[in-house]
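Below, each structure is written out as structure tokens.
One chain, subunit A, links the two complexes that follow: it is found with subunit B in the first and with subunit C in the second.
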Partner chain A sequence: MVINILNPGRNGVADWMIQRASAVILGLYTIFMVAYLLFNPDLDYAAWSGLFSHIWMKVFTLLALLSVAAHAWVGLWIVATDYIKPAAIRFGALLFVILALFVFVVWGVQVIWGV
Partner chain B sequence: MAARRAIHRLSRRPDLMIIESYQKLPVVYSCGPGEKSAVKSQRPLSTAKRPVNLDLSSIQFPLPALVSISHRVSGILLFIGLIFLMWAFQVSLSSPAGFDTVREAMAHGFFARLVLWGLLSALGFHFVAGVRHLIMDMGHGETLEGGQRGAQLTIIISALLVVMAGVWVW
Partner chain C sequence: MSTLQVSVYRYNPENDDAPWMQDFQIDTQGRDLMVLNVLQMIKEQDSSLVYRASCREGVCGSDGMNMNGKNGLSCVTPLSEVVKNNRLVLRPLPGLPVIRDLIIDMSLFYKQYERIQPYLQNDERPPSIERLQSPEDRDKLDGLYECILCACCSTSCPSFWWNPDKFVGPAGLLQAYRFLADSRDTHTQERLSELDDPFSVFRCRGIMNCVNVCPKGLNPTRAIGKIREMLVRNTA
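Right, the complex of A and B next:
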């Protein structure tokens, strides 16, 4: 049993499920964005901001943003605990990751609801 | 007694010794017919040094291992790339001038296009390798050959995506 202060109240099965659920959401969002940009080669600001003014697009984007945070957290936690052996450096790296993800979520929410 | 005899038989199987020592049996019993069982040894069976190879340059990674490590590397790259995506997301939605700034950077800026291509490539590979994971979760391609085939397909499909992303950006 791995005890890690930066992994409170979680276990491998929860990580496994979070990773896959968020992956499906991110996969769908990626396909949607790539298709949208491919089919709108002459995109302008009006159409672009118009897309993000729809409430379903705001919700979809927020869902993707939260999925990025969860997905990156689980993935980078696994990578960090696999490769960074000194506890202090690992703790620092994971602290940096979670702070960065938190900033991205807040930043993204501001952008989504600023349109 | 039957259990002890079973342990005795096990201890005569060198191929099972590691399993036995793994289970941390403290002692090895000797129970021949009419013999009093006696403690032969207090040590685990395999105290001999097992071969450890830490010379990584002499280890050949199989293709699925390379795909797996690339999945991790591309994930780390995407995390770093988030800062660029968030910048483009915010500036492009801030104003018509901001939108033009991002569009201009992606149309003419060499550095911006390089970053964009790199991120799209990492995303393409990460996506394909992730889909492979989900397919394997459903029980397909879990054999040795299946793992090889899946890894080959992942590399071929993501290589195509990398080229297509390059064409799209330039």
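Right, the complex of A and C next:
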């Protein structure tokens, strides 16, 4: 039942592609962040806040945030269906995961657009 | 030292509450025997031990077992390949129910094999003699058709341990690709649509335990990668 209700794409190909695409986006975001921090050793609040005031940075960050949620959802759904065999406990765990991810995304949007 | 310490998994559900390990001393006279020879010598000491074996030359695939932690065919595994510190531990293939001693119930393994429809399907009218295939198309089946279904790969795969009812497993998927890759088979689309759920193929996480243990040197992980590629191309 959990397989049908709580599986995002209900299709292995879609899940597989979501996981790869979100991994690429997260990889690019990580590389960008590391590079930015390396090239700005004496970073202050004004510069940091300036970076996040650009609309492209907001979009890029939101994309990364949504990628975290999608990647975590597909990954944890797989982990749960592998290791948690009692259906009720698995359903509860996955419900907790999806609620937590939803809260993170909404909260994250508020933080990103709060700059 | 020519006396080998062998520890064998014993379980007879009619008499035993739980599985136990029985120790044997086997005099190999310094020869590099196959593990199956050692089992035959053990059987002379204790005839209640049971195991499957038939061709004793790696063709029938009956005597798959776990030898010092690694799955393989006992008939083609020399002691020198597995024995460490003069000790040999023999257990049934992991992950499937034990019927008795080294014999496992392979029903789930066969069920998954059956699911992929391991036979040629072609809707076109058969030609008068036979369906022809170019040498290049025939070459695509090399490394696929040689599988003897010994189950060493699938029972070394954690994804198969956790979901043997839903994940086809490396052995079944190698055969699935054998028919997907066959130029004479016309049911490619139907076959792919049976495999695109999150379990059948996509539970493979590419850890390559299957490649590590295959006694025929086959590569199920590569075949699974090709199936995944076909599925992605089919969808995207």
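One rule holds for everything that comes next: the second predicted complex is superposed on the first by the 109 of 115 C-alpha atoms of A that agree within 3 Å, B and C clash if a C-alpha of one lies under 4 Å from a C-alpha of the other, contacts with A are read in each partner's own complex, and residues count from 1 in each chain.
One rule holds in what follows: a residue touches a chain if its C-beta (ideal position, glycine included) is under 8 Å from a C-beta of that chain, and two chains touch if they have at least 3 such contacts.
All of these numbers come straight from a predicted model, not from anything done at the bench.
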item: Touched partner set for A:M17, first subunit B, second subunit C, both or neither; value: second
item: Partner chain(s) touched by A:T81 [first = subunit B, second = subunit C, both, neither]; value: second
item: Touched subunit A residues, subunit B compared with subunit C; value: B
item: Touching partner for A:V68 - first (subunit B), second (subunit C), both, neither; value: first
item: Footprint of subunit A on subunit B - complex, ascending; value: 72, 75-76, 78-79, 82, 86, 89-90, 92-96, 99-100, 103, 123, 127, 130-131, 133-134, 137, 168
item: Residues of subunit A that touch subunit B when the two form their complex; value: 20, 23-24, 27, 30, 38, 43-45, 48-49, 52, 68, 72, 75-76, 79, 97, 100, 104, 107-108, 111, 114-115
item: Touch list for subunit A against partner subunit C, complex; value: 3, 7, 9-17, 77-78, 81-83
item: Sites on subunit C touched by subunit A in the complex; value: 159, 162-163, 195-203, 228, 231-232, 234-236
